[in-house]
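Presented sequentially are two complexes of subunit A, the first with subunit B as partner and the second with subunit C.
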Partner chain A sequence: MTKHGLVIDQERCIGCQACAVSCKQENNVPMGQFWNRVLTEGGEKMDTPSGGYPEDGGSGSLDMQYQPTACQHCENAPCVKVCPVNATYTRDDGIVEIDYDKCIGCRYCMAACPYNARVFNWDEPEHMPEEGTGDVEARPQGVVEKCTFCSHRVDEGLDPACVVNCPADARIFGDLDDESSTVSKYIDKYETDQLLEDRGTDPNTYYISGEMSPGRPQTSDKMESELDDVSPWSDGDDDVPSEEADSVGGESSGSSHSVEGGEIPYATPAKSGGDD
Partner chain B sequence: MTAKTGSSRVAISSFSGKGKLWIGLLVALMAAGIAAWGYQVTTGLIATGMRNVFSWGLYIMMFVLFVGLSAGGLIISSAPKFFHSHRYEGFARLGVLVSLACIIVAGLLILPDIGRPGRIYQFFTSPDFRSPMVWDFGIVLLYGLLNLWYLWLLTRRDLAARGSALALGFKDTEAGRERDRTLMFWTAAVALPTAVALHSVTGWIFATQVGRGDWFSPLVAPVFIAKALVSGLGLLLVVSVLADRYTNFEVDHEELTSLGKILGIFLAFHVVYLLAAERLPHAWADHFEFWAIMSNFLIGDSVYFWLWTVVGGAVPLAMLALPPLRKRVSVIFTASVLAVVGTMFEGIRLVFTGYEVANIDSAPGISLGGEYTGITTDIWATAGAYTPTLVEIAVTLGIIAFGAFIVTLGLKYVPIQRVDAEPSYATDGGKQDQ
Partner chain C sequence: MSDPQQPRLTPIDEWEDEAEAMLDDVEYDTDLGVQMARDAIRVSNGELTDAEFHEKYHEAVLDEFGEDERPTKPEGFEDD
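Take a look at the complex of A and B:
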């Protein structure tokens, strides 16, 4: 079985909002709504750190991190369980999706979601340009919508738009059921958290913090599982930088910082956008 | 024995000037409600004060209130019947009538909350039985039908005796009355657990949710039972006193006082005991010093909390507990009104505790999804805020007016009391053991 999951490396994330914007564009998300948001973990406002400057007797404790947040595609998804009409459901591949024809707009799922990942079309959705953007049909007034892991792209073997458009390669998409996938390896190797783990929702989205991973390995739009043996950077034996990663993570090296020249899999080439 | 025929009383024989004014007011409120709902359907729920963070509002708060209100009447009329008692017989029919009206109001309040009311048939074509909302949909429907059946069962022989078409062809015979008494017992036996299920399931809509603060508590269902007892009995007393004053309905003063005492007990159990049981463990676990624990235990955090516990709890409890006060009709009436108002604020507080705080509240927050007015508009929020709009208030009042209209029609067309109620205690009392 396939179980799609997302790993977000918060150490790689630069807070550029490209994932939020490309999601909005790819999925034709109405004005005033976001399916994917880049939150600032730190100060009160966006892009501000917590703590104080290290000068003039300050504490020198400045700290800031970005947390891109969308639907977590939970295994034990409360939104799926509360939907009275089976409009929100879990696909066989683990993606939590909404059937907009069935949705009656009761918003019980919004009450159920601990992540506030869902938005409701309170009025007739407005798009800019008016005819909409991206490859997804607009949703009507009166339904709830949210991130679908770009299921329309996944069905064609493509990574979600936010993943492809991340300039920091901080988002890695793949099959959590496949032990050899990059996502599985990263979850195994790096310190990863699920959001609000204590609620028992068991999200399929994981966040790396602490040590930086090498990031998303492939340069292609295609999902890792579609790449076969064609590796974008190596001699073709392995798509996943397992050897490099292993040597990187070796504690014996004594290096506390994970990024070294050899570990960066490639120089990011120009990528095609999500609208192809 | 056939002398019993025709010994029932209808509360309103014909509408006086005041009565017509009352009907006119209700019709005006209903018309305004329909117009407001029509406006809301065309513009969308943007016409309400709800947004993405605070996504349930007045409709759900009032739904919770009216589900609770529908408890009192049915319990007061069915509990004695279950134990073959004639206690509170004078309140039985009015009680079921009020219960019926309240559950209809509760059911209707869901409609304007739905984003696409046209798709509501999906409840039948594509239900997910994991959803507490499906359970609630079923139990509200069942409870409404049960109330309708019970009211008709209680009154059909009297309706027949009066020659009303509402008897649906049933005749007023002694054997029939005898058989109905057995049916009433069995209906009461079904009604009591159904009422418990209704309030528990409505509580579980909230109590099952891990993402909304205080909602996720096993105590919510018992609290819903308690507040149904408080508010339901409170409303029955309010309606009884009003009906006694403005219609031919007659309240037995001794029974009214007795029900007032029971309301006091319910209030003590709900507002004092259950609330304390809910708050103490958290206050104790979260704080270290004795006074910190105590103040967190005893002092609430929102105005709704105080409106509920003091105005809707301590004050009516004191009124119903003090011997020189509790026998006065005006005191019982005021205490009952306060109990209903307090319960309303408890429901409001429950919804607020769920939506006020976002679990993940880092900046910029959650997009609100409000009307997009331009590039400078701040569409983000890190916490929930809610104020109902006039549209919501108009729709809600319209639906409540419909409930009052049902009660008024019931008082006009349903024989609400037996005239020989008092002497019949003795004669019927002898038959209980048959």
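Take a look at the complex of A and C:
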């Protein structure tokens, strides 16, 4: 079986909001709403550090820890359990999705989600430009919507838009059921947390903190499972991409680029249109 | 709603107020939504089984929505 999951390396994240913006663009998210937002551990406002300066009696622990947050695609999803009409459901591949035709707008799922990952279309959704953006049809007034792990892209073998467009390679998407996937290896190798672990929701989204991982250098916008060779970033033995880097890319899509041996690749933000 | 709607973590002691506010002017039963939300987390926590959760709210859900399509239905459970 496949179980899709996301690993977010908080040590790599630079808080640039590229994931938040590309999510909005790709998924035609209405004005005034976000499916994905880069929170900071220091407080609710954007870019709030935690800790304080050492001067004036401060602790000297000033730290800016970004925490991008969207639907966590919980294994034990409370939102799924409360939906009276089964509009919110878990796909066989672990993605929690909403059937907007079935949704009656009761918002019970919103009350049950501990991550506030869901938003409600109170009014007729507005888009800029008016005809909308990205590759997903607009949702009507009166339904709840949220991150879908970009299931429309995943179904085409493409990584989610926020993953492809993260300039810091901080977002890694893959199959948690496959031991050899980069997500599984990173969860095994690095210190990872799930948000609000005590609620027992068992999210399929994990956060790395402490030691920085090599991330997910962008060699293609294809999902890892679609690539013939997933080195350089997942050989699991060392923290830097291996020499094999040169061989990656080959026949894959136009956005791929080769990497000089030993050099750590950096991301060229790929287009998020998903038009291939 | 003037604040942008966006993901956020709610401390557990503030959660109930927020859930109530969220469901305040809903066309359906606010109390039922809050109670079910609370118990759905207990199911996630393992304090309650899917079957117990299903049975506990089956009647109320049927009354309120005219159907109960929740995936928590235990095998052999009689719909009435």
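Rule of thumb we're sticking to: the second predicted complex is superposed on the first by the 218 of 276 C-alpha atoms of A that agree within 3 Å, B and C clash if a C-alpha of one lies under 4 Å from a C-alpha of the other, contacts with A are read in each partner's own complex, and residues count from 1 in each chain.
Here is the rule we go by: a contact is a pair of C-beta atoms (placed from the backbone, for glycine too) under 8 Å apart; a residue touches a chain by one contact, two chains touch by 3 or more.
Remember, it's a predicted structure, so these values are computed and weren't measured experimentally.
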Subunit C versus subunit B on the shared subunit A, clash or fit after superposition | clash
Go through the superposed model and pick first if A:Asn86 touches only subunit B, second if only subunit C, both, or neither.
-> both
Using the superposition on chain A described above, determine whether A:Gln141 touches subunit B (first), subunit C (second), both, or neither.
-> first
Partner chain(s) touched by A:Met46 [first = subunit B, second = subunit C, both, neither] = first
Could you tell me if A:Glu126 is touching subunit B, subunit C, both of them or neither one (first, second, both, neither)?
-> first
Have a look at where A:Cys103 lands relative to subunit B and subunit C in the superposition and call it first, second, both or neither.
-> first
First (subunit B), second (subunit C), both or neither: which does A:Phe34 touch?
-> both
Once the shared chain is lined up, is A:Cys74 touching subunit B (first), subunit C (second), both, or neither of them?
-> second
So, does A:Asp202 touch the first partner subunit B, the second partner subunit C, both, or neither?
-> second
Among 135-143, 189-197, 243-251 or 387-395, subunit C is struck only by the subunit B stretch 135-143
Touching subunit B in one complex and subunit C in the other: list those residues of subunit A.
-> 32-34, 37, 39, 44, 69, 78, 81-86, 104-108, 110-112, 114-116, 119-120, 122, 195-196, 199-201
What residues on subunit C touch subunit A, complex-wise?
-> 1, 4-10, 15, 19, 22-23, 26-28, 32-34, 36-37, 40-41, 43-46, 50, 53, 61, 64-65, 67-72
Okay, in this complex, where on subunit A does subunit C touch?
-> 32-37, 39, 44, 69-71, 74, 76-86, 89-90, 104-108, 110-112, 114-117, 119-120, 122, 195-196, 198-202
Which residues of subunit B touch subunit A in their complex?
-> 43-46, 48, 50-53, 55-56, 110, 113-117, 119-120, 122-123, 126-128, 130-134, 137, 205, 208-212, 354-355, 358-360, 362-372, 377, 379
Touching subunit B in the complex, subunit A uses residues 30-34, 37, 39-46, 48, 67, 69, 78, 81-87, 102-108, 110-116, 118-124, 126, 140-144, 195-196, 199-201
